[in-house]
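Structures incoming, each one as C-alpha cells.
Two complexes, one shared chain (subunit A), two partners (subunit B, subunit C).
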Partner chain A sequence: MKSSNSIFRIIIGAYLVLFFAYMFLPLIFMTIIAFNANEIPQITPWKGFTLMWFGELAKDDQMWSALWNSFIVAFSVVAISVPIGLGGALLLTRLQFKARNFVYGVLVSPILTPGIILGISTFLFWDSYMNIPGGLWTAILGQSTFISSYCMLLIMSRAQRFDLTQEEAAFDLGATHRQVFWKITLPFLRPALISSMALAFMQSFDNYNTTLFAIGVEQTLPIYIGTKLRSFISPAMNALAVVFIILTVIGAIAYEYRRRREMIKAGVKITPVPAAPVLRM
Partner chain B sequence: MGQDVELLDVSMRFGEFYAARNINVHIQAGEFFSFLGPSGCGKTTLLRLISGFMDPSEGQIKIGGKDMRGIGSNIRPTAMIFQNLALFPLMTVENNIGFGLEVRGVPKAKRKKKVEELIELVDLYGTGDRMVNELSGGQMQRVAIARALAVNPAVLLLDEPLSALDLRLRSQMRAELRNIQRRTGVTFIYITHDQTEALTMSDRVGVMSIGKLEQVATPDVIYNNPETIFVASFVGESNIIQGDIISIDGDYAVLKTTSGSFFCKNPQHMGQGETATIFIRPETVFLAKEPNADNVLTCRTKNLSFEGAYAVVTLTTEQGQLLTMRLNNDGTVPRIEEGENIKVRFSRENAFLLKNGGTPIA
Partner chain C sequence: MRDFWNTALRDLGKIGVAYILITVGTWLVFMILIPQLIMFDYSLRPMLPLRELGGPKDVWTLKNYMVFFSNRLHMAIFFKTIWSSLIVTVVALVICYPIAFYLAKVARGAKVGLLMLGLIIPYWINELLRLFAWQIILADLGILNQLLIFLGIIVDPINFRMGNGAVILGMTYAYILFMVFPIYNVMESLDSNQLDAARDLGSSWLRIHYKIVVPHAKPGIAVGCTMTFMLAAGTVAAPQLLGSPSSFWFTQVINTNFECANWNLGAAYATVLMLLCVMFMFIMLKIFKVGLKELTQ
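Our next item is the complex of A and B:
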C-alpha cells in the first residue's frame, strides 16, 4: 500500500513539473531574452544584461499610438457591450415569449461565428455600403458584436438567480419603476456588471482577428505586435511582453489582496479559490 | 388608520382558467380578515389583485370607497408581506424598513425617527445595522412587518407569512400579529391554508375553494355552521353520512341512511327526496345513555387513541359507516376497549345537512 502510494506521488509530481514547465518555460525564456543585449531575440549567445530594449520600446511612437488606440477601443467596447448585454439578459430572463429560444440563439450566435467573418462583414458593411471608412469605429463595432454576447451570458447567469418578488416588494412600497431598477435590480447585478466590464475590456484589448479585418489602416496594440513580428523581429517586443506580464501579476496580486481583506472584514475564513469545481465522490 | 376593501363581482381569468370567479366581499376598515383555502384556490390571486400587481378581468375593487382600476401598487394605500418575505438582502435592517420612506423622498432625520419607532413596535432592538441575512427567521418576519408598516398603509396584505416558521414561533407570531393589528388599526387581509391561523387571528374568515368564495363569516360560525360541503370538510374534522331526505320538520329534516334515519338541522332548506350529507363534528358525538333516544348508532370500536386531554375513538356501524368520536378526559367516561360494541348518539343541533356537490375535501 505504502509503495503504491509513493509511486502515485511521484507520478503526480512529475505531471505537475511538466505542466508548469509547459505553462511557464516560454514566458521565462521570453523574459530572459528581453534582457539579453543580443539583437536577435535569442537566449544564446548571451551578450550581457541590458535594459536597452525597454528604452527602444519607450521611444517607439507607433507602439504608443497603438496602445492609445487599444485603450480607446477597449473602453468604447465596454461602454457599448455591457448595456447591450444587460438589456439582452433582462429580456431573456424576464419575458416568457414563444420566440425566446430563437432570440437567445440569435443573440449568442456572434460568439460561434469566426472572428474573421465578424471583422470582414463589419468592415464591408460600414466601409462599402455606409461610406464610413474602416478605422477605430469599425473595430469597436466589430468587437462589440460578439463581446456583448459574452456580457449577456455573464449577466444572465446572475439575473437568473434574482428573486423577482424583491422588485414587487419595492414597487409595492411605493418605488417608481426607475427607483426599483436603480435601487434593487442594479445593485443585485453589480458583481456581474463589474466582471462583464472586466471581461469586455480584456476581450477587446487582446482581440486580434476581428480587429485586423475591421480596422482598416489603424492599429491597436495586438495588430501592431502582429505586424511587427511579421516584418522585423526585435527584442523590444519581448520587453513589451515583460511589461504586460508584470502588469498582470500586479493586477492579480492586488485583486487577491483586496479579496482577502474583504473576507477578513466579513469574518470569513480564507480558502483558496478552486481553479475548477471540486468533484465530490 | 385602516380603510375598507370592497370586491364587487371580481373575476380573474388566465386564458380559459378562472383563478377567481365572481368574488363579492366587503372587508371593513380595521378588520382582521382571512382568506382560507387549499393551495391553488386563488387566494394569492385575490391578494395580488387587491395590491395592484394586476387588475381583475371583470369586476371592481374599491379601497376606501375609491375604484382602484389602473392604479399601480406603488400608489395604492396597501402594503404586502410576501410569503418569502422578499427582504432586500443587500441592505441593513434599517434600510429595509426605511426603503418605502426613502423612495417617497422622506428626509433622512424623519425617516430615522420612524424606523426607530417601528423597530420598537416589532421588538427588534439592536439589530438596525445588521444585514437581514444575519437574522433569525422570526426576526426577518418582524423586519418584513416593520417595512410594510413604515409606509403607513391603510390595508396590510399578508401572503402566508408564517408558513416558514416552526410551530412555536408561529403561534407566538400569531399573537403578535393580532396585537400589532389592534394597536395600529390597519385593515389586515391575511391569506393562509392553515385553518388554525385563520380561526385564531381573524375577525372574519372567507373560505375559498377553487376560484370561489364559499362562505364569509366569523370563525365560530364558519366552524359551527358551515354553509357548504366544502367549508364543512375543509375546516375542522367531520363525520360524513350520506342519505336521502324523507321528511321535513321546520328547520330540521330526517335523513334516511343505510345505518338508520337521523334528525338533522337543514340550513339550506332542502326538500323531501333530495340526497344530502350529514356533517357531525367528532367532539359532538357522545356515548348514548338512553338507548331509545334519537340519532343513536350501534357501533363497534375499531381503534382508540389516547391523547391525554381527550381520546379519539374510531367506530364502525354494522353497515360499514365510519364514525370518529372525541371523548373528553373528564373522569366520567367509562373505559372502552377496542372491538367492544357501544351505542353513540349526536344531537340534532350538532348535525347539519348539506347539499351534495362541490368539491369536498375529506
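Our next item is the complex of A and C:
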C-alpha cells in the first residue's frame, strides 16, 4: 500500500513537471532568442549576447502608433464595459423575474461566440447601417460586447455575497437611494469593480480575433504583431514578446496578491482564479 | 409585472432602474442582438452593386449558403476545422483533467498558489506570442529540427508547416488552459469527505473518478469543452501563423470573402461557423446531461 502510494506520487510529480515544461519552455526559448545577435530568430547558432533587438523595436514608428491605439481602445473599453457590467450584475442579482435565466444566457453568450463573429457583425452593423467605417470606434464596440460579459460575471460573484439587510437598515433610518448606493452598495462592490477594470483592460489589450475584423485599416498592438509575424520575422518580435512577458508576470503576481489580500480582509475563503475569464458556476 | 416594477423601484430607486435599463438595454440591443441579426440578414442577400441595393433583386435567398454547400473544397476545409477542433478539445481535456484534480483536491497550501500562478502567467500571455513561440520551434532551422538532426533521427530538416499538424499543435498550446480553469472551479466545490469515504470503503481510484468526481465536474467539463472548441474553430491567428500557404482553414476562407469585398458570402460563412459552435455547445450539454439552467446559475 505504501509503495504503490509513493509510485503514484512520482507519477503525479513527473506529470506536473512535464506539463509545466510544456507550458513554459516555448516561452523561455522565445525570451532567450531576444538576446541572440543572430538575425534569424533562433537559439542556434548563438552569435553573442545583444540588446540591439530592443533598440530596433523602439525605432519602429508603426509599433509606437499601434501601442498608442491599443491604449486608446483599452481605456475606452474599460469606460464602456465596466458600467455595462455593473448594470447587468445589478439586474441579475437584485431583481427577480421569470426570464432571468434566459436573460443571463443572452448576456453571457458573447463569451461563447467566436471572436471573429463579434468582429464581423459589429463591423457590418456600424459600417453599413450607421455609415461609420471600421476603425478604433468599431474595435472598441466589438470588444466591449464580450468584455462586458466578463465584467458582469466578476461583479456578480461579489454582488451575490451582499448582505441586503445593510441596505434595509439604511432605508429604515431614512437614507435616500442615492445615499445607499454611494455609501453602501458601491463601497461593497469596489474591489470587484477595480478587478473588472483590470480584466477589461487586459482583455482589450490582448484581443486579436475580434479586432482584426472590426478595425478596418487601423492597427492595435496585436494587429501589428500579427502583420509582422505573417511576413518577415525579426528577433525584434522576440524583444516585444519579452516586454509582454515581463509585464504579464508583474501583472499576474500583483493581481493575485491584491485579490488574496482583499479576500482575507473580507474573511472569505480564497476562491479560484476569477481572473480567468471562464464562466463561474 | 407590476410587482416587479414596484420592487425594483423600492430597492433601487428611479435612477437605479434607469441606469440598469440604459446600460443593459444598449448592450443587449445595439451590441449583441442587432449586429448579430444584421450579419444574418447580410448572409441571406445577394451581393449587388450599390445602385441595385433595395431594388427588386435585393431579396432574401439561400444562394450564399448554396455556394458554400456546393463548394467541395470549402466543405472539406469546414470538416477539417471540425475534426481538428475536436482533436484539440479531447487532447486538452485528457491533459487538463488530472491537473485540475490535482490542484483542486490533492495539492495543499502554498503549493496551490504557486501552481496557480504557473497557470495564470502563460494564460495571460498574448495568444499571438504563444503561437509565435511555436512558429520558432517548428521552423526549418528551429530547435525541434536541430534536436532531431543532432539525435540522428533525421538528416534533412522537416517542414512541419506543410500539413495541418503545426496548426493543431499551436491551437492546443494556445487554448489548453481554457480547459483547466472551468474544471478546477467545479472540482474545488466537491466535498473531499466523499472521496475519503469512498477510499475507506475500498473503491479503486478509477471507480472514485467515474462515480464521484466526473459526475460532479460535468458542468465544468461541458464549459471547458465548449470554450476550447469554440476558440479552436474560430481562431484566425493559428492558421495565419502556423498554417501552410497551400492549406486553408475556415476562418481564412471567411477572411478572404471579406477581402474580396463579398461581404454577403462572408456573412453566410460566418453564420455557418456560428451555428457550428452553438450546436457544439448543445451537444456538450446533452452529453454531460447539464441543463442550460445549471450552467447559468
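We adopt the following convention: the second predicted complex is superposed on the first by the 236 of 281 C-alpha atoms of A that agree within 3 Å, B and C clash if a C-alpha of one lies under 4 Å from a C-alpha of the other, contacts with A are read in each partner's own complex, and residues count from 1 in each chain.
In this section, a contact is a pair of C-beta atoms (placed from the backbone, for glycine too) under 8 Å apart; a residue touches a chain by one contact, two chains touch by 3 or more.
None of these values were measured; they are calculated from a predicted model.
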Fit-or-clash call for subunit B and subunit C when the two complexes are aligned on subunit A: fit
Touched partner set for A:208, first subunit B, second subunit C, both or neither: second
Touching partner for A:160 - first (subunit B), second (subunit C), both, neither: neither
Subunit B versus subunit C as contact partner of A:23, first or second or both or neither: second
Which of subunit B and subunit C A:97 touches, first, second, both or neither: second
Which superposed partner A:244 touches (first subunit B, second subunit C, both, neither): second
Which superposed partner A:86 touches (first subunit B, second subunit C, both, neither): second
Touching partner for A:62 - first (subunit B), second (subunit C), both, neither: neither
Touch count on subunit A, higher of subunit B and subunit C: C
Smallest separation in angstrom, by C-alpha atoms, between subunit B and subunit C in the superposition: 8
Shared subunit A contacts, counted only where both subunit B and subunit C touch the same residue: 176
Residue ranges of subunit B in contact with subunit A within the complex: 51-53, 72-75, 78-80, 82, 84, 86-88, 90, 99-100, 103-104, 147-148, 150-151
List of subunit C residues in touch with subunit A within their complex: 4, 7-8, 11-16, 19-20, 22-24, 26-28, 31-36, 38-39, 42, 95, 98-99, 102, 104, 106, 113, 115-137, 139, 141-143, 146, 173, 177-178, 181-182, 184-186, 188, 219-220, 223-224, 226-227, 230-231, 233-237, 240-241, 251, 254-255, 258, 263, 266-267, 270, 273-274, 277, 281, 292-297
Touching residues (chain side subunit A, partner subunit B) in the complex: 163, 165-166, 168-176, 179, 183-184, 187-188
List of subunit A residues in touch with subunit C within their complex: 12, 15-16, 19-20, 22-24, 26-27, 29-30, 33, 40-44, 83-84, 86-88, 90-91, 94-97, 101, 104-110, 112-118, 120-122, 124-125, 128-129, 141, 144-145, 148, 167, 176-178, 181, 202, 206, 208-209, 212-213, 222, 225-226, 229-230, 233, 237, 240-241, 244-245, 248-249, 251-253, 256, 260, 271-273, 275-276, 278-281
